[in-house]
């Protein structure tokens, strides 16, 4: 029962997450904005449609969306909620988490290149370049968490994280900031990318899926927003104390997701998109934070304070 | 008796050959002497109990295990060269008169080398070394080019001066050893303690310079590339495979005196210096080599250097040096003979004129390649073993760091020589030069000797027969005081 | 053990027989011999792997070799397994691949001869336990591979690459020779068992010897900075040979390092860190250079360097575990390293074979001249995709399993205290992630540019798929990769005894824990696979009865679609290369347009190897300049020659005079 | 008495350094032969008459008469007049030679200190004569001169060998004979082959082979 709740929470979240972000942006811009479930309507519509497929493409193009959504949902299975173990956990599962997302990315890029369009190639190469910076930082973050807690699986790490010593406040702060940056990068939001730009030259994620339509597009839309939700969930896991208990935990979790969504929306409304050449610096910010976190942890553990 | 034959038969036969001037006689004599020497070697191998006969040296010529070792090498090389000479003489349409001269000189040269090996009297050894110079000079000049004359002149002039200095060394030694009053190695070894060390050092210095010139180690090597590259290929094989070794034996015997006089530190130091100098020089020239016969000559310098290094590093070193001398002579002989084939096929000694040997004449190509691998010390060829033993010897005498420069030079040489050999062997062959039509074919005499030598090398390299081992060990025994 | 030797001899005799077989039928005999050899080699190998027994036989050589022991312990058996299977696949693939050389002036018989010789030598390398004999077979292995590399010997660059390779091998052998000779003088014995005593000696000698060994074997394996021969030799060799060299042969270097560790343990704790660090750098360096390459085989060669780095990370981690007495960590590290040895063999061979098919069909290795091949070579493309996913460590494929094991080890070794260790492990985590994601970048690039999109060169659309002989080995490898990826427990038990040799203290529980972890993992894999299938079915259901139109790619307003406009490999890699520019020295040749009506203009750019560019080349030119200082000597003037002697003599005399007697 | 002769012998080589005419060189060689003969007569006692006869034959007959005579004839026939090196001044060799001589004397007396069994003068002088003649070979350009220098080198060695002539005459005879043989051999090669193959007999023609 509770497991079902857990799963459904994670699976519904993406819809609302998008909704909230857009709503926040609309409000900030002084419009009323689309209903919260707008994403659901769109996806439903797409699922009912047929497809247009480029003639240069191969089976890779057709396979890719299903693989992406499968991989991301699989990653979701590895994700614990505050006070709730993940549906599937074992030592080192975060490696699998990261690599499952990597698989999704591999298929996304391959499909984009399959169309032979130069714009999609552009987006693909940028996507890959950025993730070369994000990935090590992510592993360093989880490494430092594992180092504090002495645990090696998401569930255990987050279960213990909040019992450990006072410095974990600092660690948590650093972690959550860099996770938020990661959210922006992986979700292709401002300031890295602008999901509703119309100039292909500056697009990253959107340009890669230009040739998709129908169910495939639906899969991709859902997968990408679920990916954001997963990172947001990590954020929540870092911040929310376990002591809240199961029900409280879940409530706090929902609140936390909403807050993150609002944050994203605010960032999109307040900050301008960075120039493509400066994006890497922005992402390096996350790497720097991760390194700081790790070295701080080591410093503390070897009898710092 | 046999020793007597070894000297008498070549002399008589050479006279006969010069008198008759008939192809058949000459070639018969050549092969006959080769057969005789092989017979002698086998007889000694089988009959003799190979022990180091230090005590029993008697008469002016004796065969101890050290001598037997080098004698065997010389015999093999000579036999190979003799067989190859048949091909050489045939292909160069040599007149019967000159052929007779060639054979006669060859026989005398061989006899002289035998004298160097078997002599156990210092002065006698010296006389025979001089004799080898005089006879081999004629052979170097055999082809009657300007260049061969130049090579012969440099060879004979420089080497004669060297030999003369060696004579000074002998005199100084006899000054220092007046109390002994004999130049028999036996006496010198037994009463080495009585020799005045100062004079002994002096004598050694002169000996080193004198014989070193003949052995062709740096910095006394300068004549060697010319002589070895200008001589007819079988002669080059003899010079490089047999002559260098036999002179080296003389120096080795002299070092025996140094060891017994407790002066081996001094001798070893000089040997190391000379050895590394040779490696350095040959490496320097090997990197920009243009002429493949000169390339072989430089590699001889290198290997002589290795012999010196070995004989400077105690028993294991000597052991390595002996093995190396045999391996080097056989492989180098095969290389020089094969270079004769290549010269015949392409009509040029320049490396860049030779291409696609494997394609043009696979047999020659493979022999050339394998002999190179043999000289470069790749397993399973024996030079690999000797190099390993040498490095062990370095470590045994507590100078392991010497392995670093040694291996460095060895690899540089491998690079230089390998580059040349591979570009000659592989690739697509150019059309044969017009003056020699398509009809270039090699008779069996042109590659059978090399093949046999290579098989022999493989046999040694994979599994040294116990007998050979015993001989080497007893030969190395001269070093222990 | 006798069986194994029989199998070894079979490989060789197959090669020998090939020498007497006409050109048209060449190859079948050696393939048959290889197939037959499996029956002799695999049983003892599996026996050794399963019950951890050690078989040995002694051969009596005369001195200086003396008695030589041939031992087949689990470690040797593991590598024998790879070599033997690799041999079979290679000889089958060669059958199909060498067809294209039939009418060219190359000697196929000698090719097969040296192939057989190579495999014989490699098998012997793993079992020989005598210093000198080991060196002999080791050198024979290098030599045989050299002759295979210069198969197309009429090309200048091939010959140069071959010589470079041979020299590199000689330098490596020189290190080993020195180490062996030193050890032999210290112990007076040539048997491997004597090494244990040497390496466990107190004092610096043991450390130096260990480092000598590492350098010697590192040359073969291709660790930084000894790797420079790999990117030269692999493109030069025929693809079937490159596959063998990078899939199988460089692993003998890994074997050597493992053997030394097994024999002598780790003389000094810092060595573990040294190897760990070098391996990390090797991995990052390899993949970083792979990304900038345009030559398909050169790129794969750099990926071999990367994977050697990953293997090295595993081994280094194992060494750390051994040093700090953490059995679990050592277990994970060694397990990951060994498994990655096997995986790299499988997917790298697969990738090279795929590249071989591409080369055989298109006769080019330039990635930017390929494109859209997936339509003409569907099977090859699919298998290449499998290989790419595996080498990028994507879940569901074998590469992930070994990297997962290493990750687990890294995370487990994180422990409070021991700041140095933690820092090292942190670098390891970040570095391994970096390597992994760069590999993804590189292989999305390779696969997409070569096989997807539009053909860049005319008439690449109508190519015929490779022959069955070419595809069979690839299919086999592909199946192997997926099986290991889904059910790692198929192979892991085979590794138990190998690891147990290194960590005798590995208690059953540790191993059981590990296995249960992998059981969970394969369960997860099953879930993932299930999800994928579910969504594929879902998609099909959704699309049934719906219109699916085939139309041209959305050109963002441009109506002409041409391959000239689509992204190239260079442009795909450009943003990343911009990030790492200082580490990839680039060499340009520019020919700007000239005159009022420029006839032609050219711009060519290629990336040099950092190490070769800044380290190897300067050193070698320095050496040759030093040696050049002596080449004035041979002037041809007799007098000068005599002067040398005179000076030498005078110096000697003066020295003797001044020497205190 | 013998000391004077030895010094005289030394001065001859100094003269050779200075002389530039081949004929003068040859005549000096003859003089050296004579001096060596006298030295034997004076110094060598405890030899049987056979050895004495043999040694004197070599020195007096060969070194002092036959070879010089033969040489002079050939030289006159082929008009080999001067040493061809007008650019090379004869000063330096002379100075260097004298320095070598001083070194030789010093060596002799220093060695005398080490209680050795040979007359020091023999040793020092012969060593210096050897060095000087090697030096001359390096300096001079004509092949014929090289051969002549080689013969002076032999004379120097002969001088040294006289110091042990009493102990091992056989060795001495052997050495001298062989050296003479080599000298003649060289001369033959020179006059028969080099002369006819190369027009000039300057050593510089023999520098084709090089790297």
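General observations
Labels A, B, C and D are assigned to the chains in the order they are written; within every chain, residues are numbered from 1.
In the analysis below, a residue touches a chain if its C-beta (ideal position, glycine included) is under 8 Å from a C-beta of that chain, and two chains touch if they have at least 3 such contacts.
Here the structure is a predicted model, which means the values were calculated and not measured.
Should one ask which of C-D and B-C has more C-beta pairs in contact, the pair is B-C. Closest chain to the protein centre (all Cα atoms averaged), using per-chain Cα means: C. On a Cα centroid basis, the chain most remote from subunit D in this structure is A. Here the spacing of subunit C and subunit D, counted between their Cα centres, is 70 Å. Between subunit B and subunit C, the centres computed from C-alpha atoms are 44 Å apart. Between the Cα centres of subunit A and subunit D there is a gap of 100 Å.
If each chain is reduced to the centroid of its CA atoms, subunit B and subunit D end up 32 Å from each other. Of all residues in subunit B, those touching 2 or more other chains are 153-154, 157, 161, 165, 198, 225-226, 285, 288, listed in ascending order. The multi-chain contact residues of subunit C, meaning those touching 2 or more other chains, are 631, 634, 636, 638, 640, 642, 661. You'll find the chains touch as A-C, B-C, B-D, C-D. Subunit B meets subunit C in the complex at residues 153-154, 157-158, 161-162, 165, 197-198, 201-202, 205-206, 208-209, 213, 219-220, 222-223, 225-226, 270, 280-281, 283-285, 287-288, 356, 358-359, 373, 378-380, 384-385, 387-389, 391-392, 394-396, 400, 403-404, 407, 410-412, 414-415, 418-419, 422-423, 426-428, 462-466, 469. By the touch criterion stated above, subunit D contacts subunit B in their complex at residues 111, 114, 116-118, 123, 130, 134, 137, 143, 146, 150, 153-154, 157, 160-161, 163-164, 167-168, 170-171, 174-175, 178-179, 181-182, 185-186, 189, 193-194, 197-198, 206-209, 211. Residues of subunit A touching subunit C in their complex: 47, 49-58, 60, 63, 65-67, 69-71, 73-74, 77-78, 88, 90-93, 95-96, 98-100, 102-103, 105-106, 109-110, 113-119, 121-122, 124-126, 128-129, 131-133, 135-140, 143-144, 146-147, 150, 152, 200, 210-211, 214-216, 219, 280, 294, 298, 301-302. Residues of subunit C touching subunit D in their complex: 631, 634-640, 642-643, 646, 650, 657, 661. Chain contact summary for the complex, subunit B toward subunit D: residues 123, 127, 130, 134, 137, 141, 146-147, 149-154, 156-157, 160-161, 163-165, 167-168, 170-172, 174-176, 178, 181, 183, 196, 198-199, 225-226, 229-230, 285, 288-290, 294.
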